[in-house]
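Read through the structure below, which is laid out as structure tokens, and then see the notes.
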């Protein structure tokens, strides 16, 4: 199996402007995620990163065409992402690229475009402990995870979380105030797979947590483009009478 | 619209053997539920109850054939329910009768037969507060409910809850230890609808809670047999070539 | 129960430009649909229509705020719909308005925005017969429908149909070439409900078919805004520690 | 990765009693399936077969405990399968064994027990051509499959198919009469995965079809027990206050 190319995208703003965040993520959230994936998946992945301040936000057509799975972290600069880049990422997901949206990426243009909803949540930034419960123990993204694990300090996100019903609900989180959140959600969009995972505020060392890293490593493998899936752009295709009759074994449509 | 006939089934054991339970439910859990539904739904429903100690547990063929929605509460006497009655209820659900399974009915023969799984949960009987969160605000069973409400004292039930993924996840509950449970679940089985709702231990006055009563009243209306659904028993039907051609407007299959 | 206000939107282009279409729908597709709904639902509905050529396409803020269910037919003029109106309709769906998208509305801006995918299908315009199969007989949109019915002449639409997995798959259609389509699909987006129904080309008298009309009448009732659902715009709400403790019965969030 | 142990179970009655069936499957349907899987998956699988006439139908506790994926074909002898063996298979699925049910296994005791419904279909034995459409192109079971393929002769199975809504709908089939069937369906039950695939009558050489074999090879890999899933029997576990606090990293529940 050839190595998956994973691109970790980060707006990379908090880490350069806030000393407390810099102390946790001196080279940026993307670097911690990329290093963790490399350490856990080794030769199975080829890691790259891209950030908001690069030309085309580092997401040129060439980069996207050679990306198997895109990881996305954004928060304070959601509106600075160019619409043209959003369209390009969206198109690439529909043609098979996997996408993993993290934490405040709920409000990113690309995640809202993929979901079709507002993606609003309730929230609180008060150092709450988060418990993450595995609801689908057989799911590939839950591989190696316990029934439940805790993250000592986190921003609280809770329901009502305005997303479509997920194709698969993998994790539910709880917080000390009694709040709950559907926190690990799988979707298919076109030929691509999308996973949303809520843990991950910039103010806490969440991406240093070994089990959060395990979830991300699992998700990268789950979101890989399916073998054999057509990768040309979508088209509404005219299919005249008899189109199914002319093919060997009745096989059509590749 | 003709009134729905609702049969409330209760094993009715705790209330006769334990003074503390009797203090909360002197005439049985079924009476509190039946009275609440009557008060809330008025002429829209006709209420009956049935208990384990009656002949055929009060669920004769005649009773079931005239029941639109069956509510089921059981706990300590699950294994005393006759297999023949279980088969009869199951068959009736497949032909359109709605069913609402409450609390420990997770482990009833009929609920496990409808689910195909063990229906195990984690549990704790320690007077925990339960928060019930509405995850699908547009769902008929959530009508009139707030985003979240609390039940002051409850037996804790939590994940992993071994049920099939629900068709609709209406409620998620949390408990003070950080536990979570998918607590309001909708399923279709055959032509019938099934709703599981976890609140309701015998040791606490849960069925006196106005919002729990509201959920039950909503669920009875949601689970009503669909208008126009065929109610004869299922059959695997031979459908020879041409069976679809001989009918007016191409309409077949009533 | 107060009457539902239903707005039938139609681009209304084919009927004015093509004599064959005009012969089938002299006053426009919207008029046939509106008349059918009025005849079937009587006082339960208040019907209005709106078309592309009106100011704001007939979908001013006032019209949308007072619309309970919006029916949408579009085909040849999809790109002429103003983005601003699309945003307005989308926002209104998230706040509870039901939406029924018909036939080629697959490629409308609003449907693609709600789905997050390309919504492409295979197609053929050759007077094919369509069989519509009921897959969920208990579903409100299937009320009164047979197991299967036929539409004598239709444009063929078939898989792969690039939409998210539906929350509920109500109908599957087949065509003489052996093609299949998921043709009746339910989704929730925000607080609103969305139903897609594929029958309905302008070249055939599909909306005069009594069972197609029955589906539309059922869908209008199913898509009505839920009782008790909050209708203010969405917000990501800060929910500080203790927000759940200060309320009577623990009830919060209205 | 260690080889998966796959047990192919066949009632093995038609092939010994009917010359026409024997001509197609001289060593039994199970042999053709086992050979095909071996040829396609090589060292990744270890194949075994078991039949109705063996002691315990060849499904002793030892056989099941060492089976990763069980394939099941049954038709004329469904009622001869001992209830004790059905219970044993069911229990093993809940603890993680994958199961693939084929064709008339709809009416097997084990499939009905896993589904909770009657599993009835309409049917016709008249040498109909079947088209199999891929509805979820990204699904592992569809890997390498075209958009649609045909099986020249098949028993017709069509809707209404009385099963729960699947977790994933992978294939839809059509037949010359215009009939449709949800023909490739995925379910989770406990920690185990279940796949139903309808092609496969004994009267036609369906399991010799290369693309049917491809589906089975894909399904075996998809249904493998998840890495890291607990394999002890289910228990309802008492979880007293504080059970989540005493563990390193908050990790609990293995």
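So that you can tell them apart, the chains are marked A, B, C and D in the order they are listed, and the count of residues begins at 1 in each.
In the analysis below, a residue touches a chain if its C-beta (ideal position, glycine included) is under 8 Å from a C-beta of that chain, and two chains touch if they have at least 3 such contacts.
Just so we're on the same page, UniProt names per chain: A, B, C, D = Trehalose utilization protein ThuA.
Remember, it's a predicted structure, so these values are computed and weren't measured experimentally.
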| item | value |
| --- | --- |
| Partner chains shared by chain B and chain C (touch criterion as defined above) | A, D |
| Same-residue or different-residue interface between chain C and chain D, half as cut-off | same |
| Far-end chain from chain B, centres as C-alpha averages | A |
| Computed distance of Cα centres, chain D from chain B, in Å | 30 |
| Between chain C and chain D, centroid-to-centroid distance (C-alpha), Å | 37 |
| Chain A: positions in contact with at least two other chains | 129, 131, 136-137, 147-148, 150, 158, 160, 165, 167-168, 176, 178-179, 188, 244, 253 |
| Contact footprint of chain B on chain A as seen in their complex | 129, 131, 133-137, 147-148, 150, 158-160, 165, 168-169, 172-174, 176, 178-180, 182 |
| Residue ranges of chain A touching chain D (in the complex, touch as defined) | 96, 129, 131, 136-140, 142-152, 167-168, 188, 191-193, 209-211, 225-230, 244, 249-254 |
| Chain B-touching residues of chain D, taken from the complex the two chains share | 94, 107, 113-118, 120-124, 126, 128, 156, 158, 160, 162, 164-165, 167, 176-179, 187-190, 234-244, 253 |
